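The next part holds the structures, each set out as structure tokens.
Here chain A shows up in two complexes: once beside chain B, once beside chain C.
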Partner chain A sequence: MNRVAVFFSGLPGCILPALLLLAWSSFFLTAEDQISVFLSLISLAACVIVAVRMRWGNVLRDSIAAHERLWDACLIAIMLALLVLFREDHYSLFLLGTIMAYATAVMGLNVQLGYAGVLNFSCASFFGVGGYTAAMLMAGTGLPPLLTLPLGGAIAALTGCVLLLPVLRTSGHYAALVTMAFALLFRVFLDVSEWFGGPQGIPVAPLTIAGLDFSRGISWGDTEFSFYLKYDLLLLLVLCLAYSLTRRLERSWIGLALDAVRSDEVASACFGINIQRWKITAFTLGNFLSGLAGALYAMMLAYISPANFTFADSLLFLSILLLGGIGNIQGVLVATVLVVIIPEKFQVIQEYRYLIYSALVLLMIVFRPVGLLPRKPRVYTGNPA
Partner chain B sequence: MDLLLQYCINGLMLGMMYALVAVGFTLFFGVLDVIVFSHGDTVMIGSFAGLATYWWLHAFYPALALGWVALLVLMAAAVTVAFLGVIVADTMIVPLRKGPALNTLLATMMLGTVLRESIRLFFPDGSNPQTFPALLPGWSWSSGNLTLRFDNLVLFCGGVLIIFLIHMIINRTRLGMAIRAVAQDEEAARIMGVNYRFVVLATFALGSVVAAFAGVMNGLYYSEINFGVGLLLGAIGFSSAVIGGLGNIYGAILGGFIFALLQTLGAVAVPFASAYKDVFAFGAVIVLMAWRPTGLIAELSSQRV
Partner chain C sequence: MNPSIFRKSLLVCCFALFLAFSGAGLQPAEAKTTVKVGYIGPLTGGNSSIGLGARNAAELAIMERNKNPGGEYAFELVSLDDECKPNIGVQSATKMAADKSIFGAVTHYCSAVALGTVDVYHRFGLPVIIYGAVHPDITYAHNYPEVLRIIGTLINQNQVASKFMLSQGYKRFAVIHDTTDYGKSHKEFFTKYITEGGAKVLAEFGVTADQQDFTVELTKIKSLNPEVIWFAGLYPQGVRIRAQMEKLGINAQFQGVSGLKSDAFITGIGPELAEGCLSFLEGSPLEKLPKGEEFMKAYTARDFKNAPDAMAPFSYVAMSQIMDAVEKVGPDRKKIAQTLRAIKGEDTLIGKVSYDDHGQNSEPYVSKYVVQDGKWLVWEDSEYASGKRNLKK
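Now for the complex of A and B:
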């Protein structure tokens, strides 16, 4: 073990990167002029390059694995600190909410692709099913708004059942095609369907829980809190639940079965693992999480249109997972922050942002295909080294 | 009756275009076992390269006969796109193929975005649809609702000719034999003295030339080209190749025509909302995949344990 590894495995090694992350993200979110945006991006790029060069990614991952509770607490603390810091800034709070919603959706994708190995190129469509379910239910029925959240997830999972048969029967590129066709179909369907508002989209009523209206700000003393703060807190709660669910799933015997299905179907079938059953479970659970995140995101957005849930967005979710390191949900968190925030701040050079963003992902895939924080193989000996 | 015939003719034209795109997908899959999703955008680049050549010829040699212009436009598009295909294959796809298949798929999707955005940003007025010149004589023959255009006939015959040429190259030449050998077993082909890198690059050049023809054909048929057409065209080409069975050229051609048939059927079945035709076509693709999980003409493979 070299000195860097020793440092990162200690307590300050956990706190310091967390503080750096906090400092960087608050600086980046407040950066208005081009110079500070570029400065922060260059510093980030330098950090990433150094980290990749020195192979700190793996060291950091090991540190996270060793001090998991501490890291989780750190991350929640960072998020709360950012929320307090930007309590009046609508735009930054909205970005933070977007990050958390996307991260939850990618957790779902991670269960599918990272654990069970079920390809899904239509994650954004299930995200959208959740959003549209929330919109339609809140507009058309008198259901309590809080109930529409799990219903959004449930409808997304049900929609996924349509794809079950082709997804189970196909594999590899053929499976990629099935979900890709669904993503394209979903977008075109929303575009032409009158009932769902067509290309203009439909408004989503704000969430109310026990008389608490989520579309109004809170004033407390002299400070006026943005109304996004409530959504952010709820999203943080949902993200934490999704995170711990995924983490527990991964560690349980179910996670073991899913891993076996992903790595070798024939071998796991020989050991009596029911492949179909676990693929169905993973696919449905993943879609549920994506739909749940989509429902909450739609309420925060207050207005959704088909342009929010295109095939390109599904690709965005997939590239988040790939950048973070497939199967590692802590990596997902880091990658979501980068992928959501950077294009937003590229507004300064708005025209070129998609070009730069896709070129960056392309380079990443070519030069570090395992992602920023790759998943560690399971350790079976009692004392992880 | 006339209307039905008109639908058939339009469907055949579409099918030919899709078949030419799908052939590229299936050729690349054959030699490298990868899906190059940016192929749809390669087609789009082909039509833009053709347009640029036309502008250049129009500015410097305005007196040139239309037939020569058409030929030069086609050749310029083919050369540009073949060059692009070879560079992409050599720098990106061959190095990536050791990793998981998902990485290649995602990387080529990102490459497609890069190509699309480059045209949008760097081609003059690229964000708006561009008028593609009519390079073929606009003779037409019509009776009632039915209109037969001469240029469509030429394009269709050109497509048939291209497909025939590919068939000859694959089955009757040494290069074709090498391509088939690499597709069957890369290592064995290398042992037998096949120049692997050359064969892969030649396959990419071949597939890209076909894509260039599809691109110019697309421009001539719609007389308008758009930077964003590549994504849908790529998805359709991929679907066609998969419906037919990946790695099989005749399957890809069949798949292209089937996809056009599905779209036309969708347009006929729901005439009040022709936009539903894509919903119908992609839905049918999903059903087809559930019925025949490895395509209509299935890959000959067995699972090794």
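Now for the complex of A and C:
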């Protein structure tokens, strides 16, 4: 066991699982028929089971904790490698883009629910506010398109201010109800306002940065890169920023304050922590991230309608967070991949796909209710490894 | 090690194996060259009954074609779900259109989805025939050579409906519509044609798709005393509105759009109140068509789990047209799109089909229906048309 631990603690410990992950994900993304889809799922399950039985999980976890930068670099490298591998495959690139946009939005939800404990059942609505902001700004104003991204986030955060008072004054189930009501209101509001395209939805102009049209492919020599590649690269950048922001937030004293607010409001108030301030901060920051992701996603999708941002979609975001393990952003990454890709791959079984998908979710809840990668308690003394 | 973990993992493996083998091994061996064609529609969610029926019809068309010994190609169906959501629709459309081995597809029931995906089909050059989405912009907002639509737009339906109502001498209308895209666009065109014809719209009410009580709207309408209450929406609401009209003692003619024409409307409200209600629907009724009965027979013989529902004939014809085009010019997306565009006056299951310069079927036949003795009858066959009975004035 000791030798295994030594092996896993260095660079090779990083490279080997990373390569395995790369190979698996590229196989899974291209899996088209039933047999290869289920083979890849079975192989994943087998790997996880073997890893758990051999107690490699802990070793791996320690390695991740000890060499976090290395692991982060590895994940980015895997993503880039996948993008290069699928440079011409529009569909896979689109899926990868969706994963990154969703992951960014869930990072926002994680700040709210995972850190500060503020319930938000309307994450998809803020995602939608970002998307609609992008659509309206690109169509109606001459603002530089790149600026619409942060503006999408800002408007989402601003819209969230409507909810601040009720969210602060309520707690538990009631706070959940308030945000649920907002999600429903948002949908109805979009349905009846002609200006936003009504129930039919509106087209979103493609992004252009410094004359670079994101709706066109890139040809470089003989290879023709898909236009989705540009969006994916930008989304990767945004995801990295969101990731490092939340990671730093978690580790800072702000994160500590947020944790305290979540764990026990009375106790933290006694220690002089301003509960309302931190709840507002977390809620606004989370909405900003969701809105930012929504704006970029809308541009990639090129067409949005209220049906994309329903209460059910908010539940989807929430389930990503629960599946990954509340509070752990590495878990969010893993869970987003699963939640986005598995139903899509189950297209091969047609109308039964959600049945199987729900069965998998149920199995998950039975066997691992804390999520795939639950958050670890903070360690302050010595080397966490 | 831990025996319970082992047992659990065994369970998961068994489950996965069961999944892997439950659906495999269905493809028959073929000597002909196999060409893939696609279908996208709502297979899950609230509109799945329409989507599944249409998919089955597409599958039926392909099975019949493959059984036929003539022809150079064997066809294989790739069908995807759009859930009636634009984002999922774009995802599925991207998957299908980017797959170079697919040469044509029959797609979409929901207008919002089709509006989002036409750009994708154009970008990748996949010829598609839209079988069920009726929003005008799907074909008329652009001129993509790849996009065709076999079903009429709701423009056609409302032209026929308004012309009919005007010819019956109605002049004063009260309008209720649901606030979905369906209800709103119907309202837009119906009120346009009806006012152009010299009639007056006394009042307009938008209602949400799940509203239960219409007392406020109907009381207002009663004071205006219209000849016709026109409702654009689906039959569950139609039932409520018609029932509450009776309760308030409004004696006006009740007229609906295609969404009202369901047997569930009559059973929901009883034949007495339903008597004389009007509706308009694209296409001729199946039993009126020479090949309609044949189609129903073939469909039921296949033992599909779902009823064909309203859109199955359209999907069937569209799929047949794509396969005809493949047989004619071979698997070449561009040529297939051109061949489809060139279809003029083809006799099909749903009547004549011709595509105009926007790829829109320009001969959409709209049938008029009236309820007589608890049944939807084609207007021309009813006792109302022959003058035996009269609509309300």
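Everything below uses one rule, namely that the second predicted complex is superposed on the first by the 354 of 385 C-alpha atoms of A that agree within 3 Å, B and C clash if a C-alpha of one lies under 4 Å from a C-alpha of the other, contacts with A are read in each partner's own complex, and residues count from 1 in each chain.
Following the convention adopted for this analysis, a contact is a pair of C-beta atoms (placed from the backbone, for glycine too) under 8 Å apart; a residue touches a chain by one contact, two chains touch by 3 or more.
Computed from a predicted structure; not experimentally measured.
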Exercise. Tell me which partner A:Ala77 touches in the superposition: chain B (first), chain C (second), both or neither.
Key: neither
Exercise. Return first, second, both or neither, reflecting whether A:Val192 touches chain B, chain C, both chains, or no partner chain.
Key: both
Quiz item: Between chain B (first) and chain C (second), which, if any, makes contact with A:Glu351: first, second, both or neither?
Solution: both
Exercise. May I ask you to decide whether A:Ala139 touches chain B, chain C, both, or neither, giving the answer as first, second, both or neither?
Key: neither
Practice problem: Using the superposition on chain A described above, determine whether A:Val266 touches chain B (first), chain C (second), both, or neither. | Solution: first
Quiz item: Counting only touches as set out at the top, which of chain B and chain C does A:Asn308 meet: first, second, both, neither?
Solution: second
Exercise. Return first, second, both or neither, reflecting whether A:Leu95 touches chain B, chain C, both chains, or no partner chain.
Key: second
Quiz item: Where on chain A do the contacts with chain B and the contacts with chain C coincide?
Solution: 188, 191-192, 351, 354, 359
Exercise. Would you pull the chain C residues touching chain A in the complex into a rising list?
Key: 1-2, 5-6, 8-9, 12-13, 15-17, 19-20, 23-24, 43-44, 48, 52, 55, 79-81, 84-87, 90-92, 94-95, 98-99, 111-112, 115-117, 119, 124, 135, 179-181, 184-185, 206, 208
Exercise. Can you check the complex and tell me which residues of chain A touch chain B?
Key: 113, 119, 163, 165-166, 169-174, 176-178, 180-182, 184-185, 188-189, 191-192, 266, 311-312, 315, 318-319, 322, 351-352, 354-355, 358-359, 361-362, 365-366, 369
Practice problem: Show which residues of chain A lie in contact with chain C when the two form their complex. | Solution: 34-35, 38-39, 41-42, 45-46, 49, 52-53, 89-91, 94-95, 98, 188, 191-192, 198-201, 203, 301-305, 307-308, 344, 347-351, 353-354, 356, 359, 363, 367
Quiz item: Where on chain B is chain A touching in the complex?
Solution: 29, 35, 92, 95-96, 99-103, 105-107, 109-111, 113-114, 117-118, 121, 231-232, 235, 238-239, 242, 246, 273, 275-276, 278-279, 282-283, 285-287, 289-290, 293-295, 303, 305
